[in-house]
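Next, two complexes with chain A in common: one pairs it with chain B, the other with chain C.
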Partner chain A sequence: MSGIATTLRPYLAVCAGRFQLTLQYRAAALAGFLTQCWFGVIRVLIFAAFYAGGAAKAPMTLGDAITYTWLGQAFLVFLPWNADPDVTDMVRSGAVAYERLRPVDSYAWWFVRAMAWSSARVAPRAALMVVFAGVLMPLVGLGKWGLAPPPSLAAAGFFAASAAAMVLLSAAITVLINIAMVRAMDERGPNILAAPIVNFFSGMVIPLAFFPDWLRPILRAQPIAGLVDIPFSIYFGGVAGWSAVGAIALQFGWVVVLAAFGRWALERAMRRLQVQGG
Partner chain B sequence: MDGLRLYGRYVAASIRAQAAYPGSLVMMISGQFLVTIIEFVGIWALFQRFGHIGGWRLGDVALFYGLISVTFAIADTISRGFDVFGSVFVKTGAFDRLLLRPRSPALQLLGYEFRLTRIGRLSQGVGVFTVGAVLTHFTLTPAASAILLFAIAGGVALFCGLLVLQATLSFWTVESLEAVNILTYGGEAAAEYPLNVYAAWFRNFLIWIVPIGCVSYLPMLAAMGRPDPLGTPGWLLPLAPAAGFVFLAVALVVWGCGVRRYASSGS
Partner chain C sequence: MPQILVEELTKTYRIAERSPGAWGAVKGLVRRRWRTVEALAGVSFQLQRGELVGLIGPNGAGKSTTIKILSGILEPTAGRCEVNGLIPWRQRIRHVARIGVVFGQRTQLWWDLPVIEGFNLLRDIYRVPQDRYAATRDELVALLRLDRLLDQPVRQLSLGQRMRCEIAAALLHSPPLIFLEEPTIALDAPSKLAVREFVGRLNRERGVTVILTTHDMHDIEALADRVIVIGGGKILADGSFAALRAGVLAERRLFVDFAGAAPALEMADVRVVAASGQQLELAFDPRRITAPDLIARIVAAHPVDDIHVEEPLIEEVIARFYDLHGAAEP
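Let's turn to the complex of A and B:
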């Protein structure tokens, strides 16, 4: 037992350290929160206008679409748009060579760093957003425009599991972007490609359910759907019961696949690593 | 005239610098295009479901969307100096150097960078507008073209005015205040749809406080030759973009006050 604890200690330490450090950027969190409120309002108003013209054609109720929107704004920063900026700096300065000297598993090391980085940026924004859209809006009588609670205890429980998978999936994809950046020796290409792909396939641009029906099963099965569409659909009960169990299993399955692939790709990339700087 | 020539030189130098890395430039431009076009695919999917929004069809929305996208791309191309003013000029004290030169600091900031990467967004805007024009059989008559050019000019002035205000704020806050992004990026996002689909409080904010509706929604109606469902008098529609120039003028006055009280930071 103590053997495992000793092995895990450096990973827990880097995770906790990065979490606390990232949490210090309070002004950035507040600016992010305000921006996300604004974009949330626009999206909610647009949904309302579309629904006013034909709610029957929609795959979910307006209330569900609104809840989905606020959740999307709350957890926006979990979306892996970029390579980890610390790793980018390492590649640029050549310090990435030190990563090979540490007596730790490089993949796990980058994975926990990415996890701490995204969680620490999400935590304050999500907390503010839940207070704003989930508590304040109902209090001033705007409840039907705000973030509704999950419809049942089961939905809440499934959402908790699905959200855990979302955190892991986000970190796994961030590390894949890191690896692409190491291979390219430049972060711009991977970063430019990552944002549109992730926004679109996660269901951030619009919920995947709104796409034509024949496309939906394909869109739901790919790994990036586990970042937004699956957890949020589970939250409002759009995916429930055994479908929810299946969707969560799919999320965790993709985490395992992406992590295994990432670990293999990182070892390969590191073997032919070019170290810059001097 | 002298100022314009100097600005031309700034632009030429900036373009040469970016053209030195053609591969990276092409990549950034295509990235910009991809990011913004994907948003429009989402809008297309919503129209597949619902058919219309407040009576507007996909083609109509594409016209509004294309206009504001082109406007924002141009503003974003020229206004970088004001955007990074706090962190690059105030925090470091580099603004002192600009003040020593015998030219207006606003002109020098305008010449800071001419961002070619925004060609990506510009071409997306032109593309979406063209799609809208084909779908709605919109013809670009001389009158419509004049209105649209005036709208684009007014819109660029408005977005620049917002960034001038952001830059002015950084005389007090030192850092660049990211929250202004809400009004620039967020304003652009709001104006992608015709304003009459929004709730009244939001719409009024976008016409009377930050007049983005005056440079997109109102002149676009005039160019389409349609009356405003909200009842704005027809003669006012093509003149509305003047609000953008007024906004910029006010912003420049405030900026002047900021410059006068600037007492340097850094060393």
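Let's turn to the complex of A and C:
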């Protein structure tokens, strides 16, 4: 086995293992899908009412807003609302000590875990959502209210790159919440704070395009925008060309910054961690 | 060069203190009071390759802190520590690849996975080549009799079964040094014996160095050639168990069943511990009066049905030792 393959072996193994294990929760995936359909419909109706009330100056068309909404529902679970529950359990039980006994970089270890955990939950939900909003709705004549395909091949390609950055950003932010949980020795505080911050700053509640001109660049520059607003705006072509390249570069740049900070903070937190009991 | 070198190791924790009650909680928001706790106050010892050492001490003595520092989980406040030539907390990743650790009160196996899948995951985590892994695994499965457990999810195992699997899990990467923290805790007698026997063989036949912490003194008596007693963050004793016993509690007990009612015995160097019906329990110091001598004198004076000598319970020895050193937890 070559050097790199040997180095990466633990990370790939835990990533694959967690993905498979998480994928088993079919009932949760189905329940999540139905909930997200329900919220998708409501949000689409809200947008429809908003546009019907005279939205001449709206920054995107109703169709784009609807596509943005369905993408948000499809990829909802990538939003890092919580500390990784496995890590939370380990910190509570003290089994986190074993994490430090593995010959792996603790940050990379938690990062791949978080990535496998979110991806495995997103995969079935997103697949069902694409079938529902992207295929079934158009088939029954509700195409106007459904998920439209990307307008061009370029948009699709940019979206693929941006979505990859979205997955990495999501994992990086989850690990930051883990670290906050380790520092506080309790997951409730970080979890309560994370959800509203992520929902608002990602553009999940309101697409960032709807914010005033002076505020929008600031909102789009912060890392959480890369979870929803940037990838989905790229998808329907609202951000295209060099702007798309710049936005994707910004996403990856934030991944690097958050990972570097997270790795430093995790090592620090681990050195201070007093494993409970014993 | 010893395998483990520990010199003047200290570890102090800072703990936030809070006055009791609601007002105390409010005060704590404004001004925190900190209290420093000295978990280790200058611990030094060395271990050679192939030793089996029991690390004992009352709760809160510093055993776990020592193990956590040696295994690289915790960074000490001061002092020197090298294991296999590495500084555990600085060269953590290289260091942990060469040790095995079992914490009896925690699990390192994956709750939802069958045992064998957990083992396979550990193979990848420790980057063990497949052929070497297969050989080690098969050997551990045979020695610890795990063959019928491998397909079961960890959550379904009994504690004894799980502990055997935990020990195997800690050895899949063939570490030359293992730390066992309370590996027999809450196990039934057959499981305890199985674990003891396995650990003994591992040490004797493979030359694996073992550091064992436990509150079960029978573990120590059965396994350890050397005992390190820690109390109040300091080493109180370091030597053989027999030496420890002799130094603390030489006293032995003689139980005498008389043919009639037990007489009121008045003898020098002998203390009556308990009297019930026909039986007397006597305590004596074998350095002052030997057991045969004592028995001869009693039998000469009184008709006797039965006599037997007992060593004081090991627990008693240890409790007495902790007591003498003021080491018991407040």
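The working rule: the second predicted complex is superposed on the first by the 275 of 278 C-alpha atoms of A that agree within 3 Å, B and C clash if a C-alpha of one lies under 4 Å from a C-alpha of the other, contacts with A are read in each partner's own complex, and residues count from 1 in each chain.
The working rule: a contact is a pair of C-beta atoms (placed from the backbone, for glycine too) under 8 Å apart; a residue touches a chain by one contact, two chains touch by 3 or more.
Worth saying up front: this structure is predicted, and the values here are computed from it rather than measured.
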item: Room on chain A for both chain B and chain C (clash or fit); value: fit
item: Contacts of A:Gly94 with chain B and chain C, given as first, second, both or neither; value: second
item: Chain A-centred angle between chain C and chain B, computed on Cα centres after superposition, in steps of 10 °; value: 90
item: Chain B versus chain C as contact partner of A:Pro103, first or second or both or neither; value: second
item: Which superposed partner A:Leu45 touches (first chain B, second chain C, both, neither); value: first
item: First, second, both or neither for A:Ser243, with chain B first and chain C second; value: neither
item: Which superposed partner A:Gly17 touches (first chain B, second chain C, both, neither); value: second
item: More chain A residues in contact [chain B versus chain C]; value: B
item: Which of chain B and chain C A:Asn199 touches, first, second, both or neither; value: first
item: Smallest distance from any CA atom of chain C to any CA atom of chain B, in Å, after fitting; value: 9
item: Contact footprint of chain C on chain A as seen in their complex; value: 1, 6, 9-10, 12-14, 17, 21, 93-95, 97-98, 100-105, 271, 274-275, 277-278
item: Residue ranges of chain C touching chain A (in the complex, touch as defined); value: 13, 64, 68, 71-75, 89, 92-94, 96-97, 99, 101, 103, 105-108, 110, 112-113, 117, 121, 124-127, 129, 181
item: List of chain B residues in touch with chain A within their complex; value: 24, 27-28, 30-31, 34-35, 38-39, 41-42, 45-46, 48-55, 175, 177-179, 181-182, 185-186, 189-190, 193, 197-199, 202
item: Contact footprint of chain B on chain A as seen in their complex; value: 27-28, 31, 34-35, 38-39, 41-42, 45-46, 48-54, 57-59, 188-189, 192-193, 195-196, 199-200, 205-206, 210-212
